[in-house]
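Both of the next two complexes hold subunit A, though its partner changes from subunit B to subunit C.
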Partner chain A sequence: MAGPASRRPKLAVWKFASCDGCQLTLLDCEDELPAVAGAVDIAHFTEASSADGPGPYDLSLVEGSITTPDDLRRIQHVRRVSKRLVTIGACATAGGIQALRDFADVREYASVVYARPEYVATLARSTPISAHVPVDFELRGCPIDKRQLLEVIAAFLAGRRPCVPAHSVCVECKARGNVCVLVAHGTPCLGPVTQAGCGALCPAFNRGCYGCFGPMESPNARALNARLRELGMSTPELVRIYRTFNATEEPFRQAAEQAEQSEEADG
Partner chain B sequence: MTHKSIRIGGLARVEGQGSLLVRARAGQITGLELNIYEPPRFFEALLRGRAHTEPPDITARICGICPVAYQMSACQAIEAACGVEVTGPLRDLRLLMYYGEWIESHALHIYLLHAPDFLGYDSGVAMAADHRPHLERGLALKKAGNEVVATLGGRAIHPVNVRVGGFHRVPARAELAPLAERLRRALDQALATVEWVAGFEAPEVEHGYRFLALRHPQEYAILSGSVAVSDGTEFSAADWPVHVVEEQVPHSTALHARLDGATGYLVGALARYALNGALLNPVARSAAEAAGLPPVCRNPFRSIVVRAVEIVHACAEALRVIEGYAEPDVPYVPVEPRAGVGHGISEAPRGTLYHRYRLDGAGLVAEAAIVPPTSQNQARIEMDLRDLIQPRLGLPEAELAALCERAVRNHDPCISCAAHFLDLHLDR
Partner chain C sequence: MDTAVADSLDPLIAELRSRGFAVVGPTVRDRAIRFAEITGAAELPAGQGDEQDPGHYRVVERDDELMFGFAASPDSAKRYTQPPRQALFRMREGTVEEAEQEAPRVALLGVRACDLAAIAVQDRVFLGRHPDPAYRKRREALFLVAVNCAVPGGTCFCVSMGTGPKATAGFDLALTELTEPHRFLVETGSERGADVLAGIPHRPASAADVAAAEEVSRVAATRMGREVDTENIQESLAAAHDSPRWAEVAGRCLACTNCTMACPTCFCTTVEDATDFTGSLAERTEVWDSCFTLAYSEVGGSPVRGSGPARYRQWLTHKFSTWYDQFGVSGCVGCGRCITWCPTGIDVTEELRCIR
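Right after this comes the complex of A and B.
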């Protein structure tokens, strides 16, 4: 952050409604952090630095979803001062776990948590950044994967598109040599409909994927739902498995609705 | 009397969004508010209707810095509701994973967030120019902690391997051998850290703290125990709601907690050390003595030394767990849901973290309550600031603002759980 900062591209990190985990991923690049700090001028990163370098910024990493009236205005400012804007994580890309309010009444939610909900300024929905401003790239995951984060930063520094696969977790699972938990153990798994990026972590731990990277490019949730029902999953269980960290991503939204409707059709 | 209003950067190097407002008139503080404007995410509301197996994964998302704490408090609360206690090697693995989070979180706070205050830098990364070996040591420690969490949990942030009843998969003994190697190096780095931060010049400040922390008969409590208060009160996890009541204040989306009717008690490293210091691993206890820490430390600027001592403890205890580890027969004990209420408390790096769930007969969450450390500490941080600022109102505003920020960072507030413009309004 010191030195001839004007020569190096300026990086900014912004936070909206989130857990801080995705921006922490940058600090979790322990081996690479000094090199990153050498290659870019980390001009605005409130969690890590009191320094607040002025914009415009060459690359802005945006964490979190839009849930308050103030943040509706702040994201417009962030876009204005950013040449490139990349969202990091499920909240900024898909609304995050807090988007479960979209399926409920936010005033009722507020009244459960706060004795005086009128003190709390909040919007009815939790929306991704792309609902408000143009986004140059969306990095998925709850949380993001640090190798993918470094790839995104390196790609934008080099002026190319990031190489981030859009295929399913199944591909990574095979590459890792995991036993298929769905086929071999009958464990419900969202791997077939979920985008790769985590390294097929859950199956490596004998657990079914729970979809924290959101939908892959061409998911066939209908086929997966049929299989999950054969494994004994009930309609509410199917709805819940899609309504977690990427609940408002269209393919997952539809998958949950399809589960609800097919039960009505069966019933 | 002149009215002055200054905007000074932000409440930086804390996790989350907040600001501080101080008003003074004629040499007296007339108002002081630590303003938390972290957008509310309504976890307690959205948990309703979820299966009893889901809170560990969902509540991890409350905080990316201490997800293990959320997972552990959540698991224990649900297990308590279902009449299950996890013991033996599965509990040991939970301890090991939690020590990993303490090492990672404390190293992050000491090296990247707190030390820059003492050495006069904007950030840990900016320290690299003059203190590169120190920064590298801090990053190595942090990485060791992350590796412990990732080995047991699959990844350092929002681990995937924790479940109600234990783990999805448990490691073979041999898988932990490389961790032991890392932790032996980390222990040396932690001891060097204590020595380093013990040399930092801290303002001479002492506060009359009322401490609260978990207490366990044999352990420097992290995972379970009863709740101890420095005035001698001790109560069980199930009695938490009788003693601790949260209330809302208009200026914050974090709730303020009251303990037996009184606001302003302290949780976290200083509280744990004061209440449980005798149970520290001997290596950590000698490091504390060598660093000149008294048995009870009431200077929050010295909390950095206590955190370093806790890293030593976490490394030494993690090594002890690995040494005694025998792979359990099953990765988890079955937890059959039943209607009931369960309480779970553990010591997050920032302090005591309480969860309560009421399950219905179908095993769904009917009601959830979560009391994070920062909502307990918020009122006490405001009191620290009052005590600190009142005699120093004559200081230049920039100096005063910097001191306020430091006083907030002393308590490592994790405001995502519930601070970025520091607005210092001075009318004096």
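Right after this comes the complex of A and C.
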């Protein structure tokens, strides 16, 4: 895409252990995609094109978590060839749903699932990109939000800080004009401890927040858990809601552990 | 003040619509009594009430046909006086373009005395020493039809704050819903209001109508769910800076911002700057913010109020104490929304009792 005279920044999109949904968010931009493609040289993006433009890259978007020995080597390469490295999505930012292996024995899983588990080279844990290399910005969500992705790219181009607030989902839920499903319906909702970004999508359809964007800036899960128990949630249910896409993010890990401990204390 | 009686609200709604107002009134949506555009009285929540307690709200069936037999809605007038997002200006190729400020003609039907008091508070904020022309434009585009509260909720305390339950000023029309037979006492509060009243069927109020309406407000005043002792509140809160209660309440506070978002007077905003991909267009937008977010008190890259206790103290102290210093009135109008809509049910009236 880039002509010889082009000074457009080079963009690369990389994949590690992930479902590709966050990368596809870039393709889902549709209306905005021509403007993006006009502003950056999309040099490496195998979901979109097998053409592989050479590095180094001005901006790398990294999807997926580190789960194999090969990932460990490859993320070092990605960091070396990238001026700015931005993780996109819960996998790259928090280890993703596959980090549930951290609470179990992955070798046992492999022995049940695969006929020849010895062919599977996998690590005991699923870790975020930031556990291995310096990361310039982390974009959360499972999947990421299209508007936030565009904002990150636009902010990168302008050399400014992206406007990606770390406050709770409740802020955007109220701005959107949703009724609070927790208060008005008694529906368990993780919105008060979850970072905004999705536009309060689930509460807009009278569902509680599932915590896809991970912990907000100052989560008080202990207080929320007490309330969720009053609404009838059991300890296994509490553990379950925190152990999804961001299970090993420290505040959510602790929230699940607190739920287990408080039951032990009660029992 | 002229008083009249009208049997139906349909002519009023039709009259307002014919004058170019979108009529926004209470109607049941998503299992809550929300304010949304309505086209007729049939959309009002006849026979529906609400149950409000700390962290708890339910729509309940009433055993009468009152159309306004409920307390504060989760929605206040704030959405119309101060929308959650508004573009301020754009810069295109280095030229500044002021954003067109939208001021839709809206008739709010069913605002309560506490809501009118909240609008009066916002008027001091936005039309005081530093008038905001966009606010003025939106404010002037609002037609306010108050409905006097007959059924206060479990979190109401307007009597303590001196703001209700009867609307005394700040409305174009004020209604009191009367029963047996079902009818509305109508008071006019402005020339616009009188003009609208003249356009709909009505008859002069009898002494019995007026007495019945007074009784509605008198009874409502005795049914407050909560109360606050406001004596020396400004001074005593300021003196409670080091109370251990701040840490205790912060243990229950989610810093989710729901109290401030639901509050009809909380006006804090931030600005978001956006740029396009070509670098030729930048836009600044004002958005609702809250003293409970860390970014709100960020100075030089870190928050001044980094701890939960500091943020809770800021909110309560501003609302009930430093607001007087700033604007000469209380920031609280006693609507109870912050209590009802707090997911963990923090009750400001209880906190005030414990802190002082």
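As a working rule, the second predicted complex is superposed on the first by the 262 of 267 C-alpha atoms of A that agree within 3 Å, B and C clash if a C-alpha of one lies under 4 Å from a C-alpha of the other, contacts with A are read in each partner's own complex, and residues count from 1 in each chain.
Note that a residue touches a chain if its C-beta (ideal position, glycine included) is under 8 Å from a C-beta of that chain, and two chains touch if they have at least 3 such contacts.
Worth saying up front: this structure is predicted, and the values here are computed from it rather than measured.
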Contacts of A:22 with subunit B and subunit C, given as first, second, both or neither: first
Which of subunit B and subunit C A:142 touches, first, second, both or neither: first
Touching partner for A:35 - first (subunit B), second (subunit C), both, neither: second
Touched partner set for A:206, first subunit B, second subunit C, both or neither: both
First (subunit B), second (subunit C), both or neither touched by A:108: first
Subunit B versus subunit C, judged by how many residues of subunit A each one touches: B
Partner chain in contact with A:260 - subunit B first, subunit C second, else both or neither: neither
Contact residues common to both interfaces of subunit A (with subunit B and with subunit C): 206
Subunit C contact footprint on subunit A (complex, rising order): 32, 35-36, 38-39, 151, 153-155, 157-158, 160, 163, 165-168, 170-171, 174-180, 182-185, 189, 191-193, 206, 217-218, 220, 222-224, 226-227
Touching residues (chain side subunit C, partner subunit A) in the complex: 29-32, 34, 55-58, 74-75, 79, 84-85, 251-258, 261-262, 272-279, 287-290, 292-295, 308, 340-345
Subunit B residues within the subunit A interface of the complex: 9-17, 37-46, 48, 50-51, 54, 57-58, 61-65, 67, 108, 112-113, 116, 122-126, 128-129, 132, 135-136, 139-140, 142-143, 146, 154-158, 160-161, 163, 167-169, 247-248, 250, 253, 255, 331, 405, 416, 420
Complex contact set, residues of subunit A against subunit B: 1-3, 15-25, 27-28, 30-31, 33-34, 37, 42, 45-52, 64, 67-68, 70-71, 96-98, 100-101, 104, 106, 108-110, 112-116, 119-120, 122, 126, 142-143, 198, 201-202, 204-207, 210, 212, 237, 240, 244-245
